[in-house]
Structures are given as structure tokens and as C-alpha cells.
Amino acid sequence: MPEANLQARAVSKRYGTQRVLDQLDLSLSPGQTVCLLGPNGAGKTTLLRVLAGLLRPTAGEIRLDGAPLDFTHSAARRQFGLVMHQTYLYEQLSGPENLRFYANLYQVDLSEGSLQALLRRVGLNPTRPTPVRAYSRGMKQRLTIARALLPSPRILLLDEPYTGLDMQGCQLLNELLQQERAQGRIILATTHELSYVLQVATHFAVLARGRIAELFPNDELSLDALQSRYQQLAQPVKAEARP
Amino acid sequence: MLSKNKLLDILTILTVVLFFGVFAMVLFYAPIEVNMGLVQKVFYFHMASAWIGMLAFLVAAVAGVLYLVRRNPRSDYLGASSVEIGLVFTAVANFSGMIWAKPIWNTWWTWDPRLTTMTIMAFTYIAYLLLRRAMDDPARRAQFGAIYAIVGFATVPLTFFSSRLMRTIHPTIFGSGETDMAMNAPMYQTMAAAVVMFTLLFAVILWHRVRLMAARQHLAGLQAARDEAFDGGGQHA
Amino acid sequence: MKNSLKTIRVLVWKDLVQEWRSKDMLTAMFSFAVLSLFIFNYAMELDPASRADLAAGIIWVVIVFAGTLGLNRSFTAEQDQGAFDALMMAVPDLSLIYFAKFITNFLVMVFLTLLVIPIYSLLYNQALFAPALGLVLLLGAWGYSAAGTLIASMTVQTRMRDLLLPILLFPLLMPVNMAVVKAASAVLAGVALADVSGWLNLLVVYNVIMTTISIMVFAYVIQE
């Protein structure tokens, strides 16, 4: 398995006059599962989209394996698995049909057996023919996770992946992430479900004021310790500025 | 860039002078046309305005290409300004055309190729401006504007040829054979002067408009930076 | 090359299945077209001869307006479920996405035309069976879909969405409108195809230019 190294170098992103990301540096290595923390609106989703090559940064660059990530060719993008707020699913197609559709686009050979195995891996019934329109939010979430895994991506970018998942689903996702990490994947996830992510994260990164305030390892942190560390990093200046 | 620009000031004054100069030419130097009478004098402004309407669209399309290639915001300002100004000149061309047409052909509107094409071009301009208004992110707004300007400009010659294939009652000025409007040397000279003056007018207004846009953006940037500093670098919306 | 064709085929299949299973757009277009034809009847209480001259024009106008319903819908699935991102991640050449959408929209236009013609024929008791007419309308559908797909891909990403599509699209379609109506009228009146070659050539030129430009700029439309 080749070493994959994903780097953001001095990445800035402005929307008009609003600076969302400001000279941000971040380096991710294989086998790391990094949890990105930050207040609402801090730019976590923006950062994920820039890393995936979907959003062009105003300044700075993304490097994959030492070479700049070419924004125009998605051959490199096939190495990414994305789970975002939107489901990326086609409502009139069934679960298996959605997966076969994306498998065809990715040019991945999806045999009936692998399809069923993949669906079982995310806890979905492999034989269900109902259209996605009839799925619950949690089921859609499981399906889109399966969709992200189709090209066996080296890099997983997950934006609030626990959304809609019940307790069983959350545990299943954790198992999945641990399996992927064992295979040497790079995983970056944003979430507010601190109790769940504590079980799988190797590192935590706090995004505040457009940059990574700190990247620290998960050394047997308790939930309280993590929360206080996060509060500290995310809001210090505001607390002092008010008299 | 934002300080007073000497060249622009000189050109502005020159334009004003030329405007009055050409106006005088039209009134006193150019003779009264044999067939159409005094109202024909509208033609000089009408034709010059129409020419500028076309030129403005070309500028917008070129600015669009430049923006897609280099992503320089100034290209976007240039394109948007050009469309705004071009729309005004096209409206002037249409109205002056109508003023001219009514006494001569006894109709306000004629479905003739040039008029039709200019009007459709005006609708394209308006669509461009509406498209920009419907977009919040400045970078995407510029991108979409550029694309629409390019596509819109590409359809103009096609629209012209289609409408020409349909019918013509627009007076032919330069052609041989039937000429509805008898032109002599002083009239050609006045026409040329009008075109030159209008082109300069367009360039000067365009330059002013682009500077205004750039200044506005700059101001907005300063305001945002000030707000951020005051907030202590707090949450972004 | 083989991969590109397969990608296009997969994308078109997905769009067709999506629409076939919901049938929202198809029923809306069909209703709109038939109702429009009814309305035209009250607008034009003419003798059959005059009405026959107008047939081509009315048919094309109905198709143009009903077609916007289809165009508006063609990208909503991608926009609402965010699938633009997913397609960008999976498809190397973004112009393939345009091409597939174009084909889908073209097929929808053809379907619409095949509905409108017999219904018009029925309501107004006018024989419209002429293969040459089919050719003219096909060329028109090509131009309409080429421009419409590009514009729809933009307007779906704006605040005004559906409202903006006709405003942006119709000025660009003027050459097509003129050519189709003139050529179709002539053909229905019995003129030979060779005699309307001017209009047909214009249509082909427009179609090629519009399709080419659209393919070239499409990447800029869906990429941020």
C-alpha cells in the first residue's frame, strides 16, 4: 500500500469579503483518523471541500503525495471517499441501483456478491428493492457511506457522518472507520458527537479563526478533558475582549 | 489605481468637448437629407449608439474569456460595466431608431434585421444583469457572467443572419442599387465623427464605471476587515 | 473512448429511469402542452386556411414553453441532493456530464414533439405527416437542448432558479425559433426540403456552435 500524504499549505478561502479559511496548514498521514472540531460556521465543510478538490482556494494549495492536487483532473479525486451533508443519492433508484450507478462511473467491477457484502457492511438489507425516496435518514446515511467506499479510496473525508444514525449505526460506523484505518487510509471527519468519535480518533484538530489552532493526539482523553481543551482553543479571544 | 488618474481626467474633458463639437456638426455642417428631411439627423446618433451597443457586447465577451482564463476580478468589472453601458446605448439606438422611423415609414416598430438583432441583444444584456443579481458569491457570479457573455455574443451574428433571412426594410446606406438615403461627403464625415466620439465616450464611461466598481469592492473589503478586527476574530457567518 | 461512452450511457440511463419512475416532469409537460393547444384555439378563431399557415408556429411555441419545464427539472436532482459533487469526484471529464444531460434533454424534447404533433393534428383537423417536418423539428430540438442544458445548469445554482431560465434562454434561442418556424411552415405548405436549405444550414451552424461552446465552458459552470 503506497504512502499517501495529504497536505493543505497556506490555504485561504474567501467568499467576497468574508475570510473563511486563512493561511491554513494541515498535514495528514496514512493510518491517522483526525477529528476536526470547530464551532458552527468555522469553515469545516469548506476545508473538506477544498481538500477534496471540489472548491478552488483563493490562495494556497493542496498536495497529494507531494504533488499539487490538479483541480481539473478528477482521476486523482477518485482516491477520495466523501460523505457530506447531502446524500448524493438518487431518490428514484433503489439502494443497489445507486451503488451500481456509482460503481459504473468509478469503473469499479461490482459483482453481485461484493454489492451485497458492501451493503451488509453498512448494516443495510442487501435485497431491498425500494427506492431511496422511501428510506429513513439513517438508512440514507448508511447507503451514502457505502457509496463513498466504492472506489476503495485512500482518503476518507466525512462531514458529520453520524447524522441520522442510531446507536447501532454509530457503532457500525466506528467499526468501519477502524477497519479502514487498519488498511492505512487517511481519515478526516468533522462531528459534534464527541463521545463516539473519541473511540476512533487518533488525533484532534481544532479549526478556529480560519486556521488549525492545534492538532493534538488522542492520549486516552476523557470526554470532559476533550471538551475543556476544545473550549479553550476555540474561543479564547472572544472571552477576553468583553469587559 | 484608486487615486486621481490624470489621463482619465483629460479624456473626460476631451470627450465633453468632442460631444458638443459633433452635435454642432450634425446640426450645422451636415446637410438636410433630400428624401427624409430634418429627422434624418437622428441617424448619426442612432448609428453611433448601435455601433457602441455591439462593441460593448464584444468587450464583455472578451472580458469573459479573460476572466475564465486568469480569474482577475478586474475582468469581471470590465464585463459587467460594459454590459450596463452597452444596454443604455442599445436603448438609445432603439429609441432614436423609432423616432426616425415613425415620420418616414409611419410605424414605430419594424421587424427588420438590424433592429430585431439589437433588441434581442438588449434582452440578452438584461438577462446577464439579472443572472448576476441572482448570485451571491462574487467569484461564481463573475464566472457565470463570463460564460453567459460569451455564449450570448456568439448568438448575435446568428440572430442577425436569421432575421436578415426573414425580411428587410432598413434603409441600405452603403450598398449599391436602391438607396433610400442619399449620402454625400459631409454626411459621411459627420457620421465618422459621431462614431469616433461615441467610441471615446463609451471608453471613458467604461473606465469610470470600472474604477467605481473596484473602489466599492475595496471599500467593502476594508469594512469587512475592520468588522473582523473589532469582533476579535469571532465567528464567520 | 470506450469508457467515455459507457459513462455517458450510464448517466443517461440514470436520468431516464429517474424520470420514468416519478413521471412528474413528463405529466406536467404533457398537461401544459395540451392546455396550451386548447388556449390557442380561443386565441385564433380563424378559417382553416389561415390556421393551417400558423400551425408550425403554434406547435413550435408550445414546444418551446413546455420544454422549459423539462429543462428546469433536468438538474434539480443533482442540485438538491448535491450530486454535482459526487459526479465531479467520479467522472474524469466534466464535459461528459454535459453531454449526457444534453442527450437526456434532447430525448425529452423529441418525446414532447411526438406528443404535440398528433394532438394538434387531432384538435385542428390538419394532416401534419411530413418527414421533412420531423427533420426540422429534430434540428430545432438539438439547438434547444444544447443551449437549454447549459443555461439550466447555471440557473439551477442561482437564487431565482426556475424563474430565470426563460429569461436567459429565450434571447439565445431566437435564431432557432426563426429558422424552425419558417422552415416548418414552408415544408407544411409543400415546399421541397432543398428550398429551405438556407434555414436548415443556419440551424446546423447554430447547433454546432452552441454545442461546442457549451462543452467547452461546462466545466466552469459546475466547478467552484
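Each chain gets a letter, A, B and C, in the order it is written, and its residues are counted from 1.
The rule is short, and it goes like this: contacts are C-beta pairs under 8 Å (C-beta built on N, C-alpha and C of every residue); 3 or more make two chains touch, one makes a residue touch a chain.
Please read these numbers as outputs of a predicted model, since none were measured by experiment.
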Farthest chain relative to subunit A (centres taken as mean CA coordinates): B
Chain occupying the most central position, where position means C-alpha average: C
Which of A-B and B-C has more C-beta contact pairs: B-C
Centre-to-centre distance between subunit C and subunit A (centres being mean Cα positions), rounded to whole Å: 39
Between subunit C and subunit B, distance of the C-alpha-averaged centres to the nearest whole Å: 31
Distance between chain centroids, defined by C-alpha means - subunit A, subunit B (Å): 49
Interface hub residues of subunit C, defined as touching at least two other chains: 224
Residues of subunit B engaged with two or more neighbouring chains: 139
Subunit A residues counted as touching two or more neighbouring chains: none
Contacting residues of subunit A [partner subunit B, same complex]: 15-20, 39-43, 209-210, 237-238, 240-241
Touching residues on subunit C, where the partner in the complex is subunit B: 147, 150, 154-155, 157-160, 164, 167-168, 170-172, 174-175, 178-179, 182, 198-199, 202, 205-206, 209-210, 213-214, 217, 220-221, 224
In the complex, subunit B residues that touch subunit A: 137-139, 220-221, 223-225, 228, 231-237
Touch list for subunit C against partner subunit A, complex: 3, 6-7, 10-11, 14, 17-18, 21-22, 77, 80-83, 85-92, 94, 219, 223-224
Of subunit B, residues touching subunit C in the complex: 68, 120-121, 123-124, 126-127, 130-131, 134-136, 139-140, 143-144, 146-148, 150-152, 154-155, 158-159, 161-163, 165-166
